[in-house]
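There's a structure below that I have some questions on.
We just call them A, B, C and D in the order they show up, numbering each chain from 1.
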């Protein structure tokens, strides 16, 4: 029977797969590498799901061992399976397995096939560790390893300069957030003396909170710093720029890491440290604002993009913004719920898009069109997922998005509510712009010869589609928000009664968005250009992604490099130059030094030289070179010495 | 034998060096084997110390005490504790790896192997002695013994500007150690019983002004070795010009001698001065971290980049020392060990590439990940360890250091965190330029890493991974001593 | 031996020594210098033997040391003359003041 | 004091005086060959003096080693470099005067000290005869270590002399 301690095995299976694929993949496993990884995932599923079922039944597990001694205390590593981690755990194992099965088909024939699965297994290991981690350090370690995997997988086709650059950018950008996260952890540790989730929970909820009254400043700082981690990892404004570029990676990676799991980990982080945010309510508006801005901005950018994966990437950013907004309004249940449903339909969207790319070998939607007939499975599943994302009832996306809108509406954030509603409208519009341009109409590019993907790829699509359709049920009013109440076991947060007004608004926004997209893109494609011309500044802003990359490159990256170059110059010319006494310094220091050298230092040196030579010209007379002369001097000196010593005179 | 284990550890390399002198020059094979055997034997001796060394006890163990120059109270006094024990393990490990690395490298460099290995073994004796000596006079002697072979090793087997680099290194360090000598003499004459004995001197209370002055004298000696900004400019030159194995030793062990000096001598002898200098050291540490990081970012020479990253990483050690608390000290000592393994490995990797391509220009490479996959993997591994990826050893020490310094000053910690960011930037940028992107056709035929080169790297990787996953294995050796030190210097 | 006071013999050896010193200092020819050195050694030998007869040490001590001095004198002669020959061959001179490589 | 004793005493003083004269010849004679010969005379005189001290073995060694070997070597050297040792060439350098003054000062100084010092005379050893076997025992017993060192030195010098003087080692 599966006991709780077996959960150690859950991350270990992928780790073993990683080691196996890394060491023997290229030489022995070759095409079987995929099956090693998939088997590991399935095994992890087999262990994790029974435990999750127990947790859904109300159980809660934790265990730990001492990892490191800090100061007077200790850091204990272990697992913590509570409702939050159980829901994420089940999602990650299922989605992860399905995506790996898909990848086995998608990546077939790649020269670094085994390497790909090694990385994916390492990622699975890190993600699973993260979900069951019981403290911030372990969480952070897994978090960073995920970042590494993301880096490696984005740059998987590293011969392509753009891919290598994208990986670099992704790692560095998230690292900015991670440094904030690290400082947040340090602050937290100094403030509370522990990094254990359960201990933090018990410290910050209940009676002891009064004792910590004086620490709220530090606590707020730690909460905001930890939120930096989310901003980086979940691609929130202003660190969202890496995610669209991350689409350089293979599509299954985009689905797994950059849609379903890793980017969601940032949201999970807020959920994990929810009590900290709750303890200092002043931090919540910051979270809401960031989330809301991100949601709207990303959706706005997605309106005009033409790369199929980039549209999805911006859509991901937008949806993550949704979740963050929800959490910022204390909607833990709503945010997490959207996290789970989004993972399914967004993974499905990416996989289907991958299938399209696999079949057509192009990524630009302007070159596609009329693919519905040629790849029906792909098209159907894609449309299902799009409907879910747009928020059409009764698909899962509707229920979870509705929860978030409800939270915004009921908690009185009306500005947030209307922004989110507008975003929902835009979401429906750009998704169906994508659908219509890809699957309907006429084929626009005669060079594209599309074909349906193999069953190995379409089967996971359908499996995910089932999830995308049904997963809304547990959180819907039909089950009386079972999921939210299940999560609320852990943390108390407000509950709201379902509102017909909100639902109506949501449905209207979705339907009108779809309809508008249909009018513009299904009937007359030229109308789009006309609209773009009418709203030229807005169009430019959206098309150029608010110029974020340009701004960052000009005002952050270039100054950084310049500072490096200046420091180096400083080092070589001034510090080193001062050391060497060489006049390679920058101009004025060089000039000053030069003057000093010539007039004072050199003068002194020259004087010393002259003086020495003067002495020398006298003393050198003694150096005749005749041995006997020396002897005579020695002898006479000896005599003088004797006379002196014997006091004879 | 175990009764004089420390003496054996110190003088086995010297013995090997003298055996080498008796071997004819032409027997190159024999010379190599003797050198390798001697370093391996030293490593074995260090391993023998593991069962004898009681990790849970603070204070010096395996002490050997013989009166050497009775007129001046100079003793031959060796001892090991939780601070020096990791250091001698590191020295043995790095020396062995560097010796393995020398096998091919020096042969390529055009011979004179007998002299090379003689100096190499002499260097090892000096390093071991520095870490084990408890008598200030003896310490100074070993400190200088390290200097001389290093000078020749850089000056003879170095790169194009080797003479310049060697002289610079020598003068710099000599200047520092002169100040240290003055400090040692000052302590000697100020102590009520004229003695160089650390164990006695640690109990002596000096006046605050005296402490400040002598602390500063010691500081100069140690700071140049670490090196601390602005005394660091010898480092890039020495590193770039030195042959690979010597760079490895330079980064792996020699830099640690400076920070070790702080822990061993400066802090126990002058606790009040240590507190007085705390802000200055913290600020210097942060300057070093950021400054080194920025300059590393601007480098186009592979080795120079690693050298400047050393400046940045040793800044973390200093930061931990400046924190003057348990976490900071643990982080610093652990970082000393980790930096030794990680940067040592990076230098070995630079050497591997240089031996093949005969250039270190980063921009000249590109796309090597396709032709040298194993090398690419290992280089990535070491870079990640260096940038502090959790799960590898660099993270643990940086985390502890920051945790310690955070309790001292938030501002300084915040600034130091920029250093982490910079580390990620310059290391990834390096990987980007060397391994990724388009393959330069010039390097299409480069062979992948050989088994011998692999054997120098794999042990380091085991240490990095082991410490990263379960740091208690090494921290257990350090903690009792560091805690005792912390109590002793509390004011 | 009891015929002559010890001091007279010492004066004699001193004179011999002085003459030797004079020779070492003034002879140009290196062979001449060597010869003068032999004089000095001889003076020392005389002292040794004279003392051995009169002081409280066992009488053979002085003679043994005199023997050693003679041996060393022989060595000096052999090596010195070898050097002279080598020098002569190399520089075609045997004069000390013509060999002044050390001169400024 | 009988006549014989007086005669012997006079003889010894005469011997000493003669030896000094020859010694002067050693350092002053222009012809190096003659100087070498006077050195031989000095050495023989010294040997005779040894006889007066009852050091017969030493006298024998002096004659054999010095006069027999060393002088021979010196004369060889002189003859090998002879054409330079001509009369016409100045045989003394320019520092004769300071040297002479110095030597005289030395003589006066040390002489004064010598005469002032009350030399202890041990009556028991005054007439002791040292036999050759005594010497041998001392050499092989008490002084065996210096003896061995001297022998090593001799070997070294021998080899060294051969190496230095070997033709061809210097072009």
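Just so it is clear, contacts are C-beta pairs under 8 Å (C-beta built on N, C-alpha and C of every residue); 3 or more make two chains touch, one makes a residue touch a chain.
Since we're looking at a predicted model, the values are computed, not measured.
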Pieces of the assembly after leaving out subunit A, positions unchanged: B | C, D
Top chain pair, ranked by number of contacting C-beta pairs: C-D
Identity of the chain that, by mean CA position, is farthest from subunit B: D
Subunit A-subunit D separation of Cα centroids, rounded to whole Å: 99
Separation of subunit A from subunit B, taking each centre as the mean of its C-alpha atoms, in whole Å: 34
Whole-Å separation of chain centres (CA-atom averages), subunit B against subunit D: 66
Cα-centroid distance, subunit C relative to subunit D, in whole angstrom: 6
Shared-contact residues (touching 2 or more other chains) in subunit C: 21, 25-27, 96-97
Residues of subunit A engaged with two or more neighbouring chains: 626, 628, 632, 635
Residues within subunit B bordering two or more other chains: none
Pairs of chains in contact (touch as defined earlier), listed by label: A-B, A-C, A-D, C-D
Of all residues in subunit C, those that touch subunit A in their complex: 21, 24-27, 33, 96-97, 99-104
Contact footprint of subunit D on subunit C as seen in their complex: 1-4, 6-7, 10-12, 14-16, 18-23, 25-29, 31-32, 34-36, 38-39, 42, 45-46, 49-50, 52-56, 58-61, 63-64, 66-68, 70-75, 77-79, 81-86, 88-90, 93-97
Touching residues (chain side subunit B, partner subunit A) in the complex: 168, 172, 230, 232-234, 291, 294-299, 325-327, 367, 369-370, 373, 377, 380, 384, 389-391, 395-396, 399-400, 402-403, 406-407, 410, 413-414, 417-418, 420-421, 424-425, 428-429, 432, 435-439, 470-472, 475, 479
Subunit A residues within the subunit D interface of the complex: 626, 628-629, 632, 635-636, 639, 642-643, 646, 648
Contact footprint of subunit A on subunit D as seen in their complex: 93, 95, 98-99, 102, 105-106, 109, 112-113
